[in-house]
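Next, two complexes with subunit A in common: one pairs it with subunit B, the other with subunit C.
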Partner chain A sequence: MKNLKEKFFDNIPFFVSVPAILWQVLFLCLPILFIFYMALANGLFAFTFEYFRGILDWVHLRIIVRSLLVAMLNASLCLLIAYPVAYFLALKAKKMKNFLLFLLTLPAWVNFLIQVYSWFFVLERNGIINKILLSTGIISDPLHMINNQFAISLVMFHIYLPFMIVPLYNILEKFDPQLIDASLDLGANRIVTFFRITFPLSLSGVYLGFFLVFVMTFGEVVIPMFLGGNKTLFVGTLISEYFFGARNMHTGAAFTLLSSMFMGATLLLLYILMKNKIKTSLSLKG
Partner chain B sequence: MRLPIFVSLVYLFLYLPIIVLVIFSFNSGDSYSWSGFTLQWYRELFQTKEIWSALINSLIVGGSAVILSVALSVFMIWGLHQKLTAQKINYLISLFYITMIVPDIVIATSLLVFFYFFHVSFSLATLIVGHTILGLGFAVPIIYSRYKELDKRVVEASLDLGASDLQTFFYVIVPFLYPALLSSALTVFIVSLDDFLISFFCAGASSQTLSLYIFAVIRQGLSPILNALSTLILVGSSLLVFIFTFLKLKSSSRKL
Partner chain C sequence: MRSIRIVNVTKSYDGENILKDFNLTIPSGQFFVLLGPSGSGKTTLLRLIAGFESVDSGKIYLGDNDITNEPINKRKINTVFQNYALFPHLDVFDNVAYGLKVKKVPNDIIEQKVTKIIEVMRLSKHIYKPIQQLSGGQQQRVALARAIVNEPDVLLLDEPLAALDVKLRERMLMELVDLQNNFKTTFVYVTHDQNEALTVGHNIAVLNEDGEVEQFGTPKEIYEFPASSFAATFIGTTNLLKGVLEIGSEPKIIIEGLGSFSVVIDGTKKWASNGMNVFMSLRPEKIRITKKELKLNENHIQGKVASIIYQGRFTQYNVKLANNSIIQVFEQNEEHIPQEDIKLHDNVNLYWQKENAVLLEK
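Here is the complex of A and B:
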């Protein structure tokens, strides 16, 4: 028969692992369930669909679709530009690698809001781009580059590009360059080698980067708020509008859920499409 | 070794706005055009009390989030490995990936709804809770992947030689995890300082953090003091990264 003290010492691993799990369940899982509750309840135990019915219209749907499209565009653009950079960093940069990686992450350490703010100096009516173009005589009137979709997309691309480069770099760093030599020796050209060897082997990094950038862009609040001139609403801006402007938590919760469901469905669809496409393209040729 | 034009252009694009911002922090006018060199804005920055109290709040929140999330993660990962099989541990760890899957705005709104429902008034404490949730999402994966590299024979040797579980934990496991603890602490700190959404939704009116202060200033338009502040933040964070890289190199040269 063990005494109490021994029992306590035997169970120390249990006692020390519980707090973290409890914290996660209590302050993350439970609150997410509360979003469901808030969206569906209009009394303590009275449930209703009225909040969902209130947002199931074209106005809300259009905002969700717009956010999805902008997120898709941004993630694709980031992938397109990030891949060559990550490839260079992982396989070609050699000695400069660490320094270039350091430079890549440094802007992300500056406050995110300040990064967004710094674009005003570049894009404004009398910002540097307009100054340069006007003084060289390329344009005669200042370009309108702020408070529109162009500014939103540009800044989203700027902020989230590093989040695409890093996962791609991490996966390409493990890639064995001898595989490329082998493929070239066996008669494939560089383009075929890239699409049949390098790219398929880096897919997990592509998925992760795309996923991260997509999710972050979809929920973005600050960039449309500052650079969109409050003209176009996005999912993130509308959610904060419901919570702080209209003070309508029930509808806000319902809209948060609805847009998250759309986001999840889109990502799942993309993943299935990508998987099938890669499978068929490989089986057709090989 | 030459840098390809494409890569240089991408880096130029990444740095262009920040460089312009730093240059304009020395501008004597308060518009988008250059009118002469001055240090006036730095002087005013040091005299603006609001910024420094916001910074102190941010440091309190960031520091607490770092301590909480790193301590909770490391104890949990060690504890789980004493009792459970690898598969069960994987299931439990996947709980901490939710933070990455769910957009920040959903985490922020759900915390707001949660606190509101239980009539918890918003303060620095609610903010620390939110930032620790963010922090756990980074600290658990980083520390867990390092723990998996731990050679079990070292632990067994320590136990065979008469060390207790706790002694093994503090003299063998924690030193082995040191680089991961360092990088997770730094990551959580940066994430906390950088966060705006959780702060926006979960901080009370009385508890202003640096992010919330910056947000309020930007809403009012151009502010040269903000440019000076940004330059200092940039210098500060580069120093932090340098110190961190130095510490990491030092610890990796002192292998087990």
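Here is the complex of A and C:
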């Protein structure tokens, strides 16, 4: 029989992980349970779909679809721009690598709200861009760059780009550049090499970055509020409106669950599509 | 024609010359070995031939075609990399099929060729396995198959066996020789391992640290008749003795503290002149060691056994000479119980025929 002391030492890994588990339960599991409860409970033990029925209409659906499209656009744009950057950082920038990575994280040192506000002063009617363009005579009337989808997408792109670069950089840094040599040596050109070797081998980074940016953009509240002029509603803004504006927690919780389901379904669909596409393009029969 | 001709090639990195006005002809259809220490530019040379690097100046020909500026993927040359560089997301079949696939060869022909080469390489059992599940030797064979299936004019091998253990390496060497025999492709094999070079090469080019060809020849020529002390010491083991040449009625080398020894000056030693400083290379296995004094018309020297190292096939004696230098002697272990038992600190006589020592200018 082991005595108490031995038992304690055997279980040290468990004791060490207790704070983390508690944290997760308190601040992740419980709130999620609370959301489910709020969305489905009518009284203490009675369940109802009443709140869901209230939001299953075209108005709410359109907001979800709009948010999905904006998130998709932003994630795709970030991927398109981040990939070459991450590739360069991981495989080409040799001595400058650390300095460039530092530069990349620099904007994140500034508070998120201040970043968004700064964009406001850049884009507004009397902002820097309009001033420069007017004074050089390229335009005669100030450009309308704020309180529209353009401003929202631009700032989302700027804020979330690093979240795409970092996972891609991580995976590409482990990529063996000799595989490129091998592919070229076997007769492939650089484009074929990229799509058959480099890209497939960086897929886990692509998935991670894409889903990360997608999820964060989908629930974004601050950017549409500050730079969208609150004209168009997105999922994030509507949820915060239900909870804090209208104080309609039940409907808010129901809408949160509904939009989360849509998001999950979209991600799953995307994942399956991407996976199949890559499988067929790699196999001999493709 | 599948020969490679390298003409006046210069290549430098960061201002440092790796190769300078380098010339070499690799004969068609041969198993050719580039042998040299690390830093001798042999891998650079290989990368230039493959096309991964471009020359600063000079020309490279494949047969009669100037391929100096031909892109990698257009050259009919394939490489087997030191770390194999197999594609980790593809299985054995797709790895081997890769070259044919990107060249848009019809699927049925790919299927046929790949299956055949995989059979030749004894990988049929593993054809649809992911690369990670294969052993080092199997991965090596996949790398070979992946290159050979493209039927290249020249196959470049960059220290392909470095990662394998000794037994496996010996077996793979034999397989490579068979493979080259079957395909008659020109093999260019880069290594720093003299044993590998002697085993597989039809011809060997020995490179020195400055990226120059020190000697070019068959393994036997290079081993028996090294052209320089670098070649003599880099390939195999040798005793290098420094002395002064004296050309009288019979040419002799006078070594300080040891005496004079007969040497042979043949037609290849046109540089030899009376009174010049020279080296004599004497392979340890060409020396006869005995405690008895023999009446032989051979070079003779006396010494004391300083250490004995038993090596199985042969015994190595390190013999201390009168001038305190050490000379190595290998004696074949022909008998279970040798007639003469040489022990540590025994005084011994060493004999060798003058034809078995090689006179070297530098």
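By our rule, the second predicted complex is superposed on the first by the 264 of 286 C-alpha atoms of A that agree within 3 Å, B and C clash if a C-alpha of one lies under 4 Å from a C-alpha of the other, contacts with A are read in each partner's own complex, and residues count from 1 in each chain.
As a working rule, a residue touches a chain if its C-beta (ideal position, glycine included) is under 8 Å from a C-beta of that chain, and two chains touch if they have at least 3 such contacts.
Predicted model, so just to flag it, every value in this text is computed and none were measured.
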Exercise. Given the touch rule stated above, what does A:Val222 touch, subunit B (first), subunit C (second), both, or neither?
Worked result: first
Exercise. Touching A:Phe121 in the superposition: subunit B (first), subunit C (second), both, neither?
Worked result: first
For this session: For A:Asp176, select first, second, both or neither according to whether it touches subunit B, subunit C, the two together, or no partner.
Result: second
For this session: Scan A:Ile132 for contacts with subunit B and subunit C and give back first, second, both or neither.
Result: neither
Problem set entry | Partner chain(s) touched by A:Leu28 [first = subunit B, second = subunit C, both, neither] | first
Exercise. Between subunit B (first) and subunit C (second), which does A:Pro162 come into contact with in this model arrangement: first, second, both, or neither?
Worked result: first
Exercise. When the two structures are overlaid on chain A, which partner does A:Leu61 contact: first (subunit B), second (subunit C), both, or neither?
Worked result: neither
For this session: Could you tell me if A:Asp185 is touching subunit B, subunit C, both of them or neither one (first, second, both, neither)?
Result: second
Exercise. Per the overlay, which chain contacts more subunit A residues, subunit B or subunit C?
Worked result: B
Exercise. Does the superposition put A:Pro13 against subunit B (first), subunit C (second), both, or neither?
Worked result: first
Problem set entry | For the subunit C and subunit A complex, residues of the former touching the latter | 50-52, 71-74, 77-79, 81, 83, 85-90, 93-94, 97-99, 101-103, 107, 110-111, 146-147, 150
Exercise. Quick one: in the complex, what on subunit A touches subunit C?
Worked result: 176, 178-179, 181-189, 192, 196-197, 200-201, 282-285
For this session: Please give the residue numbers of subunit B that touch subunit A in the complex, ascending.
Result: 1, 3-4, 6-7, 10-11, 13-18, 20-21, 24, 31-33, 68, 72-73, 75-83, 92, 95-96, 98-107, 109-114, 116-117, 129-130, 132-133, 136, 140, 165-166, 190, 193-194, 196-197, 200-201, 210-211, 214-215, 218, 222, 226, 229-230, 233-234, 237-238, 240-241, 245
Seminar exercise, completed: Listed in rising order, the residues of subunit A that touch subunit B in the complex are 12-21, 23-25, 27-32, 34-35, 38, 81, 84-85, 88, 93-96, 100, 102-122, 124, 126-128, 131, 158, 161-162, 212, 215-216, 218-219, 221-222, 226, 235-236, 239-240, 243, 249, 252-253, 256, 260, 263
